[in-house]
Amino acid sequence: MSMNSPLVAEQATVNVIMLKVLAALLPAIAVYVFFFGPAILVSILLASVAALLTEAAVLHLRRYPLRVYLLDGSALVTAWLLALSIPPLAPWWLVVVGTVFAILVAKHLYGGLGNNLFNPAMVGFAALMISFPSHMTHWPAPDMLAQSHWSFTQQMDFMFGGEFPAGDRLDAITMATPLDTLKTQLHLDREISEIQSGKIFSILSGKGTEIIALFYLLGGLFLWQQRIISWHIPASFLAAMFGTAGLFYLFDPGHYASPMFHLFAGGTMLGAFFIATDYVTSPTTPMGKLIFGAGIGVSAYVIRVLGGYPDGVAFAVLFLNSAVPLIDAYTQPRVFGHAGKWFKGGKE
Amino acid sequence: MSEANYREIIWNGLWKNNAGIVALLGLCPLLAVSTSVVNGVGLGIATVLVMAFSNGIVSLARSWIPREIRIPVYILIIAVLVTIIDLSMNAFVQPLYLVLGIFVPLIVVNCNVLGRAEAFASKNAVFPSMVDGFMVGLGLTLTLAVLGGMREILGKGTLLSGIDLAFGASAKSWIITVIPDYHGFLLAILPPGAFIGLGLLIAGKNWLDQRKSARVEPAQASQAATAAA
Amino acid sequence: MRPLFPFHGGIHPAEHKSPSTQHGIAVAPLPARLVVTLRQHSGSPASPVVAVGDQVLKGQLIGAAEGLISSSVHAPSSGRVVAIEKQPAPHVSGLPDLSIVLETDGEERWVERQKMDFCNTDPALLRQHFQDMGVVGLGGAVFPSHVKLNASGLDTLVINAAECEPFISCDDMLMRERAAEVVKGISIAQYIMGAREVLIGIEDNKPQAIAAMQAACEETGFEVVAVPTLYPSGSAKQLIKLLTGKEVTSGGHPTQMGIQCFNVATVYTMHRVINHGEPVISRLVTLTGNMDEPRNYEVLIGTPIGDLLKLARPKADTTGYLMGGPMMGVPLLDLSVPVVKATNCIIATSQALFPPLPRAMPCIRCARCAQACPAELQPQELFWFSKSRNFEKAREYKLFDCIECGCCNYVCPSHIPLVQFYRFAKSEMLAHEKDRKAADLARERHEFREFRQEREKQEKAARHAAKAAEMAAKAAETTAGSGESVAGADDAAAAKKAAIQAAIERAKAKKAAVKPQNVDDLPAEAQAKIDEIDLRRAQASETAGQRVAIQKSDEGQGA
Amino acid sequence: MSIYTRHSTKLAMVLAAFALVGTSMLAVTFEATRDNIAASEKKAKLALIAQILPPALYDNDIIRDAADLPAVPELGTAEPTLAYRALKDGKPVAVVLEAIAPDGYAGKIKLLIAIKSNGEISGVRVVTHKETPGLGDYIEIAKSNWIKVFDGTSLEKYPSNEWKVKKDGGQFDYMTGATITPRAVVKAVHKVLVWYSANHEKLFSLAGTGATT
Amino acid sequence: MLNALLVMIGLAVVLGAVLGFASLKFRVEGNPLVEKVDAILPQIQCGQCGYPGCKPYAEAISAGNSAINLCAPGGEAVMLRLADLLGVDPQPLAADAALPKPKQVALIDEQTCIGCTLCLQACPVDAIAGAAKQMHTIIASECTGCELCLPPCPVDCITMETVDEGLGGWKWKYPVYPISEEEKDTEVTS
């Protein structure tokens, strides 16, 4: 061991940070189970196992010490975020393929922990969304709205064997998400107010989903209080999305949903507090974080409203991920003892 | 030109300086067309023809081409060849022509073709130049075939799909279903799959090369040790 | 209450200061052997002015300052010089350094001490006196104080008594027990620099020192400011920011803003020098950590640390020793190294006090280091560039503004040895710089040589032509001797002559075998000659450069 | 003659020589392949039509007998298109129309629809579209047989309010999660049928263009 | 068809003429690459590469006339930087040149020196002071350690001394801390 100073340090470690992130997700997961049933727990478990196995295999190949790196918790965070982003009743292989892709391609092919340019969970999500779009749009209806109720065994039969209960069909338990509904109904020349009177909509966004979003928000505030994340990215993300949505809403409330709806619909809250704030794939400078968050907010809204997919958070995050080195380079803060703002290449 | 040199030309074209995974020139058709083996090989063969003949003609004409206008002349030669192949494909294998679509004319600006004309054909005799063009093109074709195969298996679970476009409806039975009841991993077929696949191919080649040199080095070291002893 | 201007970042490591402040300052006994390193300060080392075997008195000059950035060293006690040789030194490299070894006679006979009436002395003389008396910054950087004192009409004199590093308490004890003398030292510094305002910054975890200093400062107009306990508030730039709100410009000096900063122990030595005529031959050292009797001692410079440690009795489970604090200290690999002017604290380490750090992990870019950095750098970027040896980038991201305080290291959840990387990168860059300068010099000199040879060739050709014409004109008259009259004038001819001479010399040398010549040439004379030649070369090189430039511009127009 | 002129002239001549030879070669090839290309293009078009209208049903040169159709809002076309008229023994048996469904998920969907003279659909094919891969692209025959749901349907078979996907209470199947695309196609096909029933007389009275492309 | 032919030939004539003019008008003299190569070379001016100095070697490399592995004092580091600059494959150095030498300076034994000035003429950087029949001295700070002064000395009074830079020349080592076995491998090779 080197005796060179400094010899003292805080005992905080990477895995403590990761465990706190997981802990912050727990309340939202509990609410998720309350509204959509326990299938999500199976998804999370499946993703966790797949992530750890893939991680272990790659670590072994790269001759990393297994114990330290498996316990760092980063693979679990990726697995949980991915599982929470895909429909809970998705077939088992979908979860596994997405997780393996996330860990193998997005994380380790880029160099492993700390070196990946893109958020692994979102890369996994994007790969699934592009490859299996129909599976990725089968979202279950909240319990109170579903036409029929499947028992847990029936759900498992479906997840692992693709079998429906006799005489039932997928439509009976799934329905479009609020964002998807909004998008498809707008195609039918309906007004927002008319669409939002539909049974899936509630005060803020969708029934059930808005409560989950609220708990993501609370979990995020916990992380902020714990100094795991700074306020910059979530605040600028939400503000930018609110602002953009508000602008469109003011311009034409008949065809653009209210800004509050956008804040609580889809992946906004999960994205703002848990995904965009991923250390490795976000800028490190305060100004960079603000630009990054705002960029995601605006592009997520634009993709949502004008793009080909119902939600845009994942693609917006990936898009801005690619800009992180650039953002970091151009937002270097002033250094002690140097005059004025310092940007890259500026020779003062 | 000795035999050893031909061996070098062949080795260079097929492996050491493979156009697709080492030189990384002309990626546009490489990535866009390699969605299946048949597509990849189709464009590959067209490139082989263009490269062999363009190299041959450039070599033949090299003493008459002033340095200053060599690039326009090479491009002219390549463009003529490509257009001839484009028209012929349209006339005789139209279904394949429809699939390869705009990529055939793109061979004109494929840097590999111009690159070999400049780097090799302008300095060497006709026959070696043709061999070089042929081998570099073949190397590209191999890359396209392997990449196409990878993407096809992963994306569709089949091999040789679309072979009927080139050989008529009876060739449909040649299509191999590698994975039955496959859901289709669409990502592999779409452009990102091409980039990931190409990255894996490059990694694979580097790995093979490293393993080879790692095996050679200890052997040399032990030789030196025995010589010293 | 004076408003404070907090600096960015900073950390709160556990203090561990109380064990060593339980008892007052004790005087360490005289050791049998003293090892006085000639490199006690930053800058060039002192050169010895005594010879082996000399008897020296306590306080006698034994090493004289070499150049401006240098300082003198003195015999800490009376005795005999037994060796001038390389001895182990308390440096992180573990490399030995040139030192003077004294055998003490136990008599402590002082050299004649001269007190000074500083109020009636020219500050320039006082500064010179401080250099001769070996006054250097005792906070750790050991920068020669006379250089820092070279300013006048200062707005603010900051006295650094923050002592922010954990474990260390020597400044604390100095202020508790010798506050009045410290204040006298401050007055001297104030006088020399003409400071209008004096601020004494002390961290608020030293209430007794604050009280003692406040009492001593009454009626002096000096202000004692309690600053919040936050590492590294004892760093000069950070303390100046904290007290005055002004940032010392990167690469600049605080005096440019009318501020100067001295460590409290340094001003105390100024008092000893002026009012007692004593050079810097001792200092306070904290012995603490894993020891039975941690305490502060007044220790003679040169005392072997091994001897000193016996006083505080390290515990059996001690794993090692550290000179300085745990954040910036230097590990001691060899206990025979002596106390130097920079030695403020010796810490005995143990598993309990310094638990081994968790295994290092890859950087996850959490930027906690950036939040902790008092220099407002982006340590994660600097780490990345240093690790990949991308030194140009590291420079661009202001690596040289890093003060190596270790805050980034302290907060890093991946436990990466960040500071090590910065030290590595800095020393590589400085070495590169040195190599590059040497290469530039060599290139320049080579090019000039070629230019000179070319010129000589042309001149020779011109001369031959002229001579031929001359000879054609005056056919019979001049046959011999004319060449010499022309040649006497310029270099080229001298070179030719030298070549001829060389041939003659060679022949002589053969005859005389290898009988030495030129033995009566004195080194001093030779040196003077070399200097003269150098000067001529430099001038010639300059004119040559101009000539080349003119030539180039001519070519440019011609093309 | 300056060095510039001499040098430029030389290069210009060399380049022109190469251009002359190259262009001549191209001209020869073009002439040699012209007929073959035209034939294979016609073959391709016929093959496409054959998918939705069995060749046995007609005996005329359907490509030559195509009629120019101006832009028709009901067909969703904004440019003139061709209507291919199939005749057997000189009597109209069917017509092949180009139509555009404007409201696909990701823009316009171009369709080819064959309608027999009794108003019954012989077949529909999607020519081009930009629907999401894997989601809306099951309207392509290469991906799914879905498009064949229209075979044999007519205005008589389903009343107007049942020309919808099942989700909207109509007769047509769809894939869960992707309703916009089939909805657009069904709507477009229905509009074509309505327009055809009003205009089929006129269609056959239009002059043929004799176009081969 | 004739139109196509005429257009092509017309274009060819115009473009050919323009290129012919431009190739004469914008001909570039000199080579900025030489400066870059020269900046990498260590400027010892020892001539071990077979060229009379660093600059001539730089010119030869830039022109593609010389291998990049000839600089013995620069060793592998210089070769690798040259390979990087020129985009060519690294070439192994001769076995004896691969080992880096410690920094040396020449030292004249002033007792033996006869003042013949032969070493003055050999020194590529004018680092030897002295005149005929006078004792010569090496200006250590300017000596590059090229050893060119050794052969001409008739009395062999010049020796090479290794410079002990002591603490002044000490450098911090590259920090090694374990991340993985893989990283260790790459560290060793790089």
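Each chain carries a letter (A, B, C, D and E) given by its place in the written order, and its residues are counted from 1.
Criterion: a residue touches a chain if its C-beta (ideal position, glycine included) is under 8 Å from a C-beta of that chain, and two chains touch if they have at least 3 such contacts.
Values in this document were obtained by computation on a predicted structure and should not be read as measured data.
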| item | value |
| --- | --- |
| Chains touching both subunit B and subunit D, listed by label | A, E |
| Farthest-lying chain, centroid of Cα atoms versus that of subunit D | C |
| Higher-contact pair (C-beta pairs counted), A-D versus C-E | C-E |
| Inter-chain centre distance, subunit B versus subunit E - centres from mean C-alpha coordinates, in Å | 40 |
| Centre-to-centre distance between subunit C and subunit B (centres being mean Cα positions), rounded to whole Å | 63 |
| Averaged-CA centre spacing for the pair subunit D and subunit C, given as whole angstrom | 85 |
| Overlap residues in subunit B, where contacts from two or more other chains coincide | 68-69, 72, 76, 184, 186, 190 |
| Multi-chain contact sites of subunit C, meaning residues that touch two or more partners | 359, 361-362, 417, 420 |
| Two or more partner chains touched - positions in subunit A | 2, 65, 130-133 |
| Subunit B to subunit A touching residues, read off their complex | 183-188, 190, 192, 196, 199 |
| Of subunit C, residues touching subunit A in the complex | 7-8, 13-14, 92, 166, 237, 241, 247-252, 320, 322, 324-331, 333, 349, 354-359, 361-367, 370, 374-378, 380-381, 396-398, 401, 406, 409-415, 417, 419-420 |
| Contact set on subunit A toward subunit C in their complex | 1-14, 16-17, 65, 68-69, 72, 74, 112-115, 279-280, 282, 284-285, 328, 332-339, 344 |
| In the complex, subunit D residues that touch subunit A | 103, 105-106, 132-135, 167, 175-180 |
| List of subunit E residues in touch with subunit C within their complex | 29, 38, 41-45, 53-55, 110-118, 120-121, 124-127, 129-135, 137, 139, 142, 144, 154-155, 166-167, 169-175, 177-179 |
